[in-house]
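For reference, the structure is listed below as structure tokens.
Letters A, B and C name the chains as they come in the text, with residue numbers starting at 1 for each one.
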Amino acid sequence: MSLLRLRWPTPNGLPPRLIWLPLLIVAVLLAISAQLVEFSPLFVLSKFDDIGAFVARMFEQPPPLDYLPQLAEKMLETIEMAILATLIAAIISLPIGFLAARNATPHPWVGQIVRDMLSFFRALPELVWALVFVSAIGLGPFPGILAIAVVSIGFMAKFFAEAIEVVNKEPIEGVHATGAGWFQVRYFAMLPQALPDFVGTLLYVLDHNLRAATVLGIVGAGGIGFDLINAIRYYEFERLIVILLAIYLAVTVVDRLSDVLRTRIIQGGGYPHGS
Amino acid sequence: MALDTTHLPPLPARPRNLFPLWASAVIGLAWLIGVQLEISPKTLIFGWEDILEYFSRYGSPDFSKVPSYLMLMLETMAMGLWGTVLAFVLGFVLAPFAARNLSPNAWIYNLAREALNFMRAMPDVLLALVLISAGLGLGPQAGALALGIHTAGFLGKFFAESLERVDKGTYEALDAVGAGFSQKIMYAGWPSILREMSGYTLYILDRNIRTGAVLGLVGAGGIGIALYDTLRMFDYNQSAALLIVLIITIMLLDRLSNFIRSKLQ
Amino acid sequence: MSAIVIDSVQKTYPNGTRAVHGISLAIESGQFTVILGPSGAGKSTLLRMLNGLETPTEGSVSINGTLLERKTLRQVRREVGMVFQQFNLVGRLNVMTNVLTGRLAYRSWLGSVLHLFRDEDLAIGHEALARVGLTDKAWVRADQLSGGQQQRVGIARALAQKPRVILADEPVASLDPLASEEVLDLLKGICRNDGISVVANLHQVEYTRRYADRIIGINAGRVVFDGSPDALTDAVIEELYRRPNAPEEKSHEPAALALAHA
């Protein structure tokens, strides 16, 4: 008598706990929270037509040629905001990273305080920081840059500190043994090892910051976001499509570029000496 | 008193050090941008004074409405969770096609990669705006969908890259026993990258809850709506309470996800 | 005057392992001293205490008449070059910059921020590189050299310190025989011609016999032999490498070394 029996290739024939437990937890959480998100697949499906129509309307009108110069200007502003904010954040993150790294900090308390501060910087998304800075110093790209820079410091300094924490100990010992001082050990033995990682993070953050900069205009913090929200609000579909295209192009170019540069830096490991 | 080195074998010609060149180029670029965006050091200094004055207005938070804010925070977290699950499912389906060494053919590979790329390129705030205007209406549902679509682009890319890094021999062994595409993925692909996958997914969950907090600004539910309203009405005491709820929750989540990730390793 | 005076030094690690049990030694200037013993015998701990990389639990160390303590640490380290088993170079910096880190103790932190060194420091670095025969590699990244070459850069870094003592912690344990002899010949030459005292940890008996002026045999944290190479008989070696009955000692040497001996 042969009965079709299916079992997992485990001692008890059941899936391993490492698989089913997380899935179960997630399923329970989803069930509990379904009401909170007001999730109804049927409703979403019923709206597919509307979404399709919305998208179709973007392609109905001819491209607004008279808007293009303004678009170019706003896109340039968006990209400039992302670059400047990333640079400011990078310069500030280098010393802060050393303060936050457990093996480089001048005192454990300093490290803990700095790490908590960075966690605070990261806690609020750019858009909230931008809202706060716009209320504080008015409209324009400057509050946007500050908002991006604050969050970027939170991330870059954290990742830099983590990179410092995993550097090889041997070179540090080698430089220590020559009698080099506190700063010199960090500068000559730790920095060169952690820097390629930092540049990788920098590119990653630049990529992220460009995406963030595209929407900051929604709260008046400069960039293309202001035109974007107006185009949606006033149903200017012909503008909406060119703005979306411009964002897509800019983000894709930076995404690719940073991918290529990152692999080259991590493999080649360029340090501003010799190599 | 420098040593006489003339009798020593000479050093080879020193390679050109391009660092000063790069550094000045970057500083020049930053300066140009600063000029064009009309950011002068003066604005910075006066700006900081204004900011400090402004922050002092948040000095006396009003905690009377905290229970309702906590409810909103829960809504934000639910939005983040649903978004992440959606992203995971989409990423799980798309990633094998976007992995160079697994994809059935070059067309599908490029198509899958472009799809993931497109999802990444559309900021979630923007997607939420579009979904709301296009017919889903206000509320967390549009937010969850927007988060899901945007971060599926990330998860799909991360998964695909992990699948590409798996040792070639692992796939070859399954090819050798005659396994098909889906069998190769299920028996060699996912099991090899399980740990990385869960790390990425946790990271995305973390990120989606943070970002979920701002989707309310464009009407997609959660704590962002309340924050936007109180900030717009200059109700600093309520804003302060909201910000405190938001910051504490997110910092706690940060600790939690760090803890889980350290357990995973 | 003795170059190094070790006075009843003990070292107990926080986990309770006793690596060194009360050792007293005086090491003369200008000699090539080899500390010989099996891995895990406490050689490495002893050597590392000589320039403050480890602090003795009890006892004291004096280098050229200066007591090694917190406030003299930098000054002592400046005069004591150290050569490591794993070379301990900063791989991403070029060879010359690695050698010049030997000059850092002589310069303020502010002066070294931009990687700019004085002409006299560069001349010292040049001389040190010429001494180890690597002038042609001056601008190559350190991690692109072979093991033997990296160790010679390590020696050049020590030389750039203008030291009075060079400590070498298993300098040839990660090298092939050819490179090992090159490195030991170099150290021996430096000892002979520059009058710099060299203290080296070795575990190979053959090299020890060939290069040492004086041999200090250590097992289980105690000195079990002290004499000239002629006195190092086979019986002494057997005694030296005998496993202690109680496995009280834990290896504090890098895992790679422990593996190499497994």
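To be clear about the criterion, a contact is a pair of C-beta atoms (placed from the backbone, for glycine too) under 8 Å apart; a residue touches a chain by one contact, two chains touch by 3 or more.
Nothing here was measured: the structure is a model prediction, and the numbers come from that model.
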Practice problem: Enumerate, in label order, the chains that touch chain A and chain B alike. | Solution: C
Quiz item: Based on the averaged CA atom positions, which chain is farthest from chain B?
Solution: C
Quiz item: In whole angstrom, what separates the CA-based centres of chain A and chain B?
Solution: 4
Practice problem: Report the inter-chain centroid distance for chain A and chain C in whole angstrom, where each centroid is the mean of the CA atoms. | Solution: 46
Quiz item: If you look at chain C, which of its residues touch at least two other chains?
Solution: 96, 139
Quiz item: What are the residue numbers in chain A that touch two or more other chains?
Solution: 273-274
Quiz item: When you check chain B against every other chain, which residues touch at least two of them?
Solution: 15
Quiz item: What does chain C use to touch chain B in their complex?
Solution: 96, 119-120, 123-124, 126-127, 129-130, 135-136, 138-139
Exercise. Enumerate the contact residues on chain A facing chain C in the complex.
Key: 170-171, 173-184, 187-189, 192-193, 195-196, 269, 271, 273-275
Quiz item: Where on chain B does chain C make contact in their complex?
Solution: 1-5, 8-12, 14-15
Quiz item: For chain B, which residues count as touching chain A in their complex?
Solution: 15, 17-19, 22, 26, 29-30, 33-34, 36-37, 39, 43, 47, 50-51, 53-55, 74-75, 77-79, 81-82, 85, 117-118, 120-123, 125-126, 129-131, 133-136, 139-141, 143-145, 198, 210-211, 213-214, 217-218, 221, 224, 227-228, 231, 234, 243, 246-247, 250-251, 254
Exercise. Spell out the part of chain A that touches chain B in their complex, as residue ranges.
Key: 22, 26, 29-30, 33-34, 36-40, 43-44, 47, 50-51, 53-55, 77, 80-81, 83-84, 87-88, 119-120, 122-125, 127-128, 131-133, 135-137, 141-142, 145-146, 211-212, 214-215, 218-219, 222, 228-229, 232, 235, 244, 247-248, 251-252, 255, 272-274
